[in-house]
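Taking it in order: structure first as C-alpha cells, then the write-up.
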Amino acid sequence: MIDLTMDLPGLNLKNPIMPASGCFGFGREYSEFYDLSRLGAVIMKAATGDVRYGNNTPRVAETSSGMLNAIGLQNPGVEKIIENEVPFLANYAIPIIANVAGSTLEEYVKVALAFNKTESVNALELNISCPNVKEGGIQFGTDPDMAATVTEKVKEASNLPVYVKLSPNVSDIVGMAKAVEKAGADGLSMINTLTGMQIHLETKKPLLANKTGGLSGQAIKPIAIRMIYEVKQHVTIPIIGMGGISTAEDVLEFLLAGASAVAVGTANFQNPCVCPEIIDALPRTLEQYGFQSVLDAVGKGYEA
Amino acid sequence: MIDLTMDLPGLNLKNPIMPASGCFGFGREYSEFYDLSRLGAVIMKAATGDVRYGNNTPRVAETSSGMLNAIGLQNPGVEKIIENEVPFLANYAIPIIANVAGSTLEEYVKVALAFNKTESVNALELNISCPNVKEGGIQFGTDPDMAATVTEKVKEASNLPVYVKLSPNVSDIVGMAKAVEKAGADGLSMINTLTGMQIHLETKKPLLANKTGGLSGQAIKPIAIRMIYEVKQHVTIPIIGMGGISTAEDVLEFLLAGASAVAVGTANFQNPCVCPEIIDALPRTLEQYGFQSVLDAVGKGYEA
Amino acid sequence: MKKQLEMVVEKVNEIALDTIEMTLSNVHAAKTAQPGQFLHLQVEGHALRRPISIADIDRENNFLTVLFKKLGDGTKRLAMYRPGMTIDALGPSGNGFSYEPSMKTVLLIGGGIGIPPLYNLGKQLKNKGIKVIAVLGYQSKEHVFYEEKFNELGETIVVTNDGSYGSRGFVTNVLDQVADFDYYFSCGPVPMLKAVTKALHGHQGYISLEERMGCGIGACFACVIPTDTEGGYRKICKDGPVFAVNEVIL
Amino acid sequence: MKKQLEMVVEKVNEIALDTIEMTLSNVHAAKTAQPGQFLHLQVEGHALRRPISIADIDRENNFLTVLFKKLGDGTKRLAMYRPGMTIDALGPSGNGFSYEPSMKTVLLIGGGIGIPPLYNLGKQLKNKGIKVIAVLGYQSKEHVFYEEKFNELGETIVVTNDGSYGSRGFVTNVLDQVADFDYYFSCGPVPMLKAVTKALHGHQGYISLEERMGCGIGACFACVIPTDTEGGYRKICKDGPVFAVNEVIL
C-alpha cells in the first residue's frame, strides 16, 4: 500500500492533490463531475474585503502550452463567501484553504479576521502575488519587506496557519521565501502566475482588457520546479507546489523538487476530472519510481 | 512594395530578422541550408575573454513548448572568434553583432576591446543576462547598478554601438532598462531565457548537469511581449525583441509590442530554414494587417 | 455526474468559405441537447477548449451538427478532423433558447457564424406551430450557408455586407421590411447585437453571447457579462450563452 | 543546399517489447545515407527533434529503416505514425562508421537500442568480404530483436541482463568467448561503452555515442564530448555520433 497522506500545518491530507485557487471557483461546478471528498483539500477562489466585479473582458487568452488570465479577483466578498460558499464545501470531508487577497494591508487583515469566524476553514493561503493588484505601485509580492509585513499582520489577526503564496515575478525568490518564513509563515505556496501579455493582431491591442495577465499552465512548469528546488534548500516550512501540473508524473517532479503537496490549476479547464484522475494514478507512479509514500519522495531531488 | 528595412544604431537592416545568439553558432552550419545574406543581420554566439568548455552534459532538456539549455558559454574565446569566425560571416553582406559575455567586469571590457580590432563587426550585444554566470553570487543581469556599471565600462572601451541584453528573471524590468539606457546603451535586446529546471524521474536528479537552465521557445513569448511592451514606454532606445518567435505573425506581435527588429532562437532547431521562411512571409503578413513597412508597425500596440 | 464526452466525427464538409459543417455522434449529447447550448471542444495541442454552438440535433441517429468558421489555429485544426476520429467535449453546456407555445411569430436574426444556433431553434419553433421569419447577415456571397434550410422554416431575408448576394448592408437595414413578430432571437458579433437590440428596443427578445472562456462550466469567471452597473453579472458559459435582452448590459 | 526532408512512413511494426521498426522513404536520404548516421526527426507537438539512427538502407526502393524504443512522449507519439503519413527529418546527419577493406574480422557489440546502427554496418562489412561477429545485449527475452538478421551476417552471441534468453549478464561477460578480431564497433548506453572500451583496451575500435541534442547540426553546442582535459571537444551530432575509441573521453 502506497501511503498518500501528508500532514501539514492545519491540514491532514489524505492525498497531496488540491485544486488551485481561482481555477475551481468554490467547488460547485466540479462537484457535478466528481465527489469532492476524493480531493486532498480544496483551495477556494480569492476572497477580498468587499464584493469585486474584477476586470473587463476578455479576461483569458490562450498561449503555447498555457494561458493568460486577468480575472481581477472577482468575488462576492469574504462575508458572502463565509455565508454561501464555505458551508457547501464543508459538506465534504476535506480541509478547506481560504485564499486571502487585498489591495491594502488593512484589507488583508480584514479578510483574515473574517475567516476566524468559521470553524470550517483550516488554513489561509495569503495571495500576495496577484499580478493585477498593487499598492502604491509596488506589488506586495515583489518586495520582501512588504511581503514580511503583510505576513506578520495576517498571522497576528488569524487563528489559522498561513501559507504565503509567492510570485515568480521576482529577481530573488529565495529572499522572498526567507522573508515571509521569518515573518511567521507556516508554509509557502508557489508559484503564482508569471506576468505576460498577448497582442491581438486584428485589433493591434493587447488582447486582454487588462492588457497584462498571469501566465499559467504547462509552459511555466520548469520555472516552478526551479523556484521550489531553490527555496526548499533555504526554508524549513513546507511548500505547496503548483504551476503546470497535469499528470501524476508532474506531481512526482514537484515532490522531488521539494513540494510537500501540490495544487492543480489550468489543467482543470482541459479536463474537469484531472484531480481525481491524478489521485488514482499517483500510487502506481510513486511505486514505479521506487517510493512507498508521498513523504518518501519530498525533496529527494537533492539527494540522489 | 512593403518596406522591410530598419535603421538602428550601427545596423542597416534590409529586414528585421536575425538569428539569436547561441542558437546559430557562427553561422557555418546554417549556411549549408540557405544563403546567409538573406538575413537582416546575424548575432554570433557569446564570446568570452578566453576559451571556455562550458558545462557538463546533458545541456538541454525539452519542456512543453520550449526547452532548457545550460551550454555554459562554450566558445573558443574572443581572439579565435575574430580570427576564425568573423571572416567567414564577413563573406555575407549582412551586419554582424557580437554577443559579449564574461564573469567579471574586466572580462567584459577585454572582450569588447578585442572587437575594436575588426572592421567586420557592426555592434555588440552585451550579454549581462546569461543565467549560468555570476560574479560574487549576484548576476549582472538582475542588479540595476551592476548592469549600469558594466554597460558604462563597455561603452567606454568599445567603438561600436552597444545593445544590452536584458534578463527576464527580474522583479522590475523597466528599472533595469532605464538603468542601462542611462548608462549609455544604444539599444536593448530582450529577452534572454528564464531560469528553469527539470527533474528527471528516472535518476531523481535535475536533468541538466548544471541543474538549472534557461527556458526558451514559444512558452516564454507572452513574457517577452509583456516586458517589451512595458519597457518601450519608458525608454527611447530601440529594442531587438526575442523569445519564442517562429512565424511572421509572431514577428508582427513583437513589432506591435515595441521591438524594432527581432531575433529567432529556439525555432532554428525545429526548422533550420525558419529565418528565411519568416522573411519571405513577412511582407504578406504586414500587408494583411494594414502595414506598409516594418517601421509602421513598431510600437503600434499602444496607440490603436 | 457530468462527464467529458467522447464524440465521434461522422461528417465534415466545407459548406461555405472557411465554414465547416461537422456532424458528431454521441448518445448522451444528442438526447439532452437544447437549441442554443454549446459544446466545449478540446482540440489537440491546445491549452483551452473551443466553445461551439449546436446547430442541429438528430435525436434518432444520436447526431449533433456544429458549424464553425476557420479562424485561428484551433478551428483550423478542428477542420482537419476526419470521420472516425473522436473529439473530447464538455456539454451540452449552458442555457439555450427558451420559447413558449404562446409565441405566434418569431424573428430570428443571425450574423455570420452566429447563424448556426438559430437553425435548430427555428426547426423546433416551426414544429410547435410558431411562425418563423429569418434575417441572416453574411460578409459576402461566398460566406452564405444554410439559406435553403432557413427558407424551409419560413420567410428568409439574406443580406451581405458587400452586397454580393441579397441586400447590401447589415441585418438592421432590413428589419423594417419584416412583418410583425412577438419575439426575436439573435446571435452574432457584439456590434451586431448592440445594433439589433437598439433597433428593436421595446420588443422582447433573446440574444446569444460570445466571450473567451477558460473552464466553460462556470468556475473561473472568465466569461462574465455585467447585468447592472453595481457589480451584478452573469456567466456566459453557465447562465448563458442565451440571455433575455434586458438581463445583461452589452 | 541542405534541406529538411519530407519522409513518408511506409511500414510500422512493433518487433519486440516497446521496440518499433519503421520504414521511411525518401530518395535523397536513401541515396546518401551511411551506416552510423542518424535522422533528426520532428515529432508533432514537440519542441526538439529526436535523433534516431539509421538501421538499414534500401537504395533500390529508396527506403530507410529506423528502430526505436518507446521511451518518453516523443517516441510514443512517433510509434503512432501510420503508413502514408509524413515525417519532417534532418539528415542523414553526422559521421557514420568508417571501415577499410583491409579489415579481416570485425566485432560488433551492441546494447539494447544501440544495436540498430550496427545492423546496416554489418551488412556492408559482409558485402566487402569482412568477417562479422556480433555480441548483442538485451534487457530480457521479450526485448530481443534482429537476432536472425545478425545470424545471417555471422556468428552472433546474445546475452540478456536477466538471463531469460541467451547467456545471462552483460556483453562484456562474453567477450572472452569471441574469436580474434582486428576492429570492433560498439553502440549502446554509456556505461556499456565504458565497460567495453575498458575490456577491449588495446584494440582499435569505433563507438557510437548518444547525447541530448538541440539543433542536431553542430550549431548549439548541446552535444559535446571532451577529447582531452584541456577543453578540447567534439560535437556528437556533427563530428560523431561515431568516434574512434581514443578520440573522446567517456
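Of note:
Per-chain residue numbering starts at 1, and chain names A, B, C and D are given in the order in which the chains are listed.
Everything that follows uses one rule, which is that a residue touches a chain if its C-beta (ideal position, glycine included) is under 8 Å from a C-beta of that chain, and two chains touch if they have at least 3 such contacts.
Predicted model only: the values in this text are computed from it and were never measured.
Traced through touching neighbours, the fewest hops from chain A to chain C number 1. Chain centre most remote from that of chain D: C (centre = mean of CA atoms). Ranked by number of C-beta pairs in contact, the top chain pair is A-B.
Our note on geometry: chain A versus chain B, Cα centroid distance of 34 Å, whole angstroms.
Rounded to a whole number, the gap between the C-alpha centres of chain B and chain D is 36 angstrom. With each centre defined as the average position of its C-alpha atoms, the distance from chain A to chain D rounds to 46 Å. Within chain C, not a single residue touches two or more of the remaining chains.
Within chain A, contacts with two or more other chains are made by residues 63-66, 217-218. Taken in their complex, chain A has these residues touching chain B: 63-66, 68, 142-143, 169-172, 194-199, 201-206, 211-212, 215, 217-223, 225-226, 229, 244, 249, 252-253, 256-257, 289, 300-301, 303-304.
Residues 1-4, 42, 46-49, 74, 90, 211-226, 231, 233, 238 of chain C are the ones that touch chain A when the two sit in their complex. Residue ranges of chain A in contact with chain C, taken from their complex: 22-25, 28-30, 32-34, 45, 51-54, 57-67, 69, 71, 74, 217-218, 266, 268-273.
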